[in-house]
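I'd like to ask you about the structure that follows.
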């Protein structure tokens, strides 16, 4: 369970009411719930995630979690060239006593997590030599190995190719189905519609809308959020299955702002 | 001009800019040359380089440079360490010393010279900083007729004094010739030619006596190692040191002769390997024979087993470097090397000090000068010199 | 949902990776951890066998064995003194100091997330030497020397850390600059002390001590160094895996559930203790703390679980070898610090040039 109540963040709280990056954001995630945060660049998505993960102190409001919040940052670099396995092992630090080093079970969990994100074969590769997408997968594996009840990911699919994007979405949905509460940011409405139970649209300042993903994510809402023209397509991919709704953008036309 | 000086004579050129390493190498040659020619120098040293023109005085310093003074100096600032006590000795009194190096004062404090002339303890010591760099303004404030400075450590410590309009007489260091040259130079600068001659004559007489009267010994001469006296670290006097000269003079052998330098740091194993018969502990540090006798690492040393480690005396100045008291050092060491105990040395010290410093040391002062307390555990040192 | 069910489970069902064939890197780590103690021991015995005073190597072995076994005495008192009283404490001290400085270097590089720092570069050595020099000038004993070194070494570390992290983690250059400034400040204080000290009493002691030498090694000094070096070293060793996590940066460490501030203080205190022990008995010996961790990282990779013990062994062997060379090269002793710099600086340049990528990703 993860709950945030009346969250607000401003670099300059006392001065100008318009300076709030976001304000009055409240939501309560049940175990197994996926919340997707959408919004244009610079509207405070990352700041919101950092507040939720406890890395940034919000100007207003508070965050409560039923345990450790795992955080997967968007970009990441290390000074030393640890192997992917060593990186994932570090996710176990919360579960080890102060002077202990990881044991057999920790190694098994780390290998399992690497396998789960589909990069078991990269276990002995040096982390800095991996591609950006592979590194993101390592960090997700690390968060899995940490076995926390809440997972917060900052654009987890941003550096991934199409196939791996699918894998990660699938993985996150699977983790949620196992009872994790998950918060992620993305710029792809499709991703949100694929896995999210709840969506949050950050229009800026106090205008932050939260609701069920199917209801909130419409072409007009997405178009208004990003200032583009968007259309809804309905696809019947599997003859017997339910049709799928996708939102596509016309890249040659901007909405007048 | 005697051969010994000609190697340094640079009549009107700038001071020698070469680094001191080079100087010390040349000094080795000079030292050997000096030891060989000393008996023939006679009294030439004291007279050659002085010309009186009217009431003015022209003196050639040990680097061969001439300086002109209106008359004998009455106020002298000394920057080299041994210069302070030597100036006082040649002058026959402390009143000429207008300033000295702080480290000269540490040698005077608690020594016989300090007791003979308590006023020396009040002489300002702010005239030089680290590595003999002069504090020109402090020197100027002392208003000296002449400043004594090293002449073999580069122009950097001399030129600032000259540029300030001061007269600088430069010293060179390390050999017996340098020592006699310094005595002669002070004699001329201070107008105390007679006293300088008396000191130099005494040195030459003692040299001749030691060379002719010391018993010839069959076999290898005893080895004598000089350590500067630091309590941590073994700094030895090498083949270029004055201590080497003194050891050979009295018929000993310096095991560190192979080190072609004035001093070097060795490790304990090298000491074990040399295993000298006698070890001398200098006054450039607080180490005592007892320290070495008590050191388990040194227990196997011959000099430890035979109790032949001695702290070098300190009277008007340290006896280990060259000074006006060097003839006493020679006799002291000869007595140790030959096991004769230096009979009459105490009387000789009294006589010499009466002349040099105008005061006769008491028996208790003699014990302090000859380091009887420190050497009480060493062989043949009871009532040394009585 | 369009992804096929088979693919979905496929991604999820990757079981634990078979650990049957360990990777090249891990094989290397294993061989290093087994081979290094043997190599250190051998280095020690060989170092005991050579010196300016000639003792046959068989006699050296017999003297050593004779301490525990009833062996007929075939050697002289002097030979025994040379091996047991002169060389053995010196070799032990070289090992303690070398191991301690190398481990400190590795720990500091991780704490600061910066592979180009070392006790010397960060000014810890200067701080420690000021503390020690102060104890000498005040005429205090060896305990005060160690405590003084410890206190001011820690102060230097804190100063560097505080100035280099005004807002968030500092870029490597800022840390190095802060270290240079702090080091220069304490060096100036040492100079001030030497100016005030008696030139033929304490001054000589200070100058000789600061030069960096193991020439005056005794069992007393071994004991003085052993306490802080072993205590601090044991703490760093015990925390070696957490050092990995800390080296990722405070933010990463925090999200993983580590309290970076507390761990860092523990490590900095341990480093200050080890450096104090080393500086108290041997003055400032540079380059060991910088070069050895790099050599070790090149050999076994950056994982501190292995890097810390390998740095320890490599540092012990390295300083023993260098010290053995200094005491055998000529009649007069070459200062140890001179040789560690002469060897360390080119080795470091070579490493920097050839394998920057392998040692760290982005400095």
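Lettered A, B and C in written order, each chain numbered from 1.
As a convention for this text, a residue touches a chain if its C-beta (ideal position, glycine included) is under 8 Å from a C-beta of that chain, and two chains touch if they have at least 3 such contacts.
A quick map from chain label to UniProt name: A = ABC transporter ATP-binding protein; B = ABC transporter substrate-binding protein; C = Iron ABC transporter permease.
In this text the structure is predicted, and so the values were computed from the model without any measurement.
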Fewest hops from chain A to chain B - one hop per pair of touching chains: 2
Chain occupying the most central position, where position means C-alpha average: C
Contact-richer chain pair [B-C vs A-C]: A-C
Chain of greatest Cα-centre distance to chain A: B
Chain centre separation (chain A, chain B; CA means) in Å: 84
For chain A paired with chain C (Iron ABC transporter permease), centre-to-centre distance based on mean C-alpha positions, whole Å: 43
Residues of chain C (Iron ABC transporter permease) that touch chain B when the two form their complex: 51-54, 76-78, 80-82, 85-87, 194-195, 198-201, 204-205, 208-209, 213, 215-216, 218, 327, 331-333
Complex interface listing, chain B residues touching chain C (Iron ABC transporter permease): 102-103, 106, 129-130, 230-234, 256, 258-259, 261, 264-270, 272-273, 275, 283-286, 296-301
Chain A to chain C (Iron ABC transporter permease) touching residues, read off their complex: 53-55, 68-71, 73, 76-83, 86, 90-91, 93-94, 96, 98-102, 107-108, 111-112, 114-118, 120, 123-124, 126-128, 142, 146, 166-167, 170-171, 174, 194, 237-238, 244
Of all residues in chain C (Iron ABC transporter permease), those that touch chain A in their complex: 1-3, 7-8, 11-17, 19, 23-26, 110, 113-115, 238-242, 244-245, 247-248, 251-258, 297, 301-303, 305, 357-363
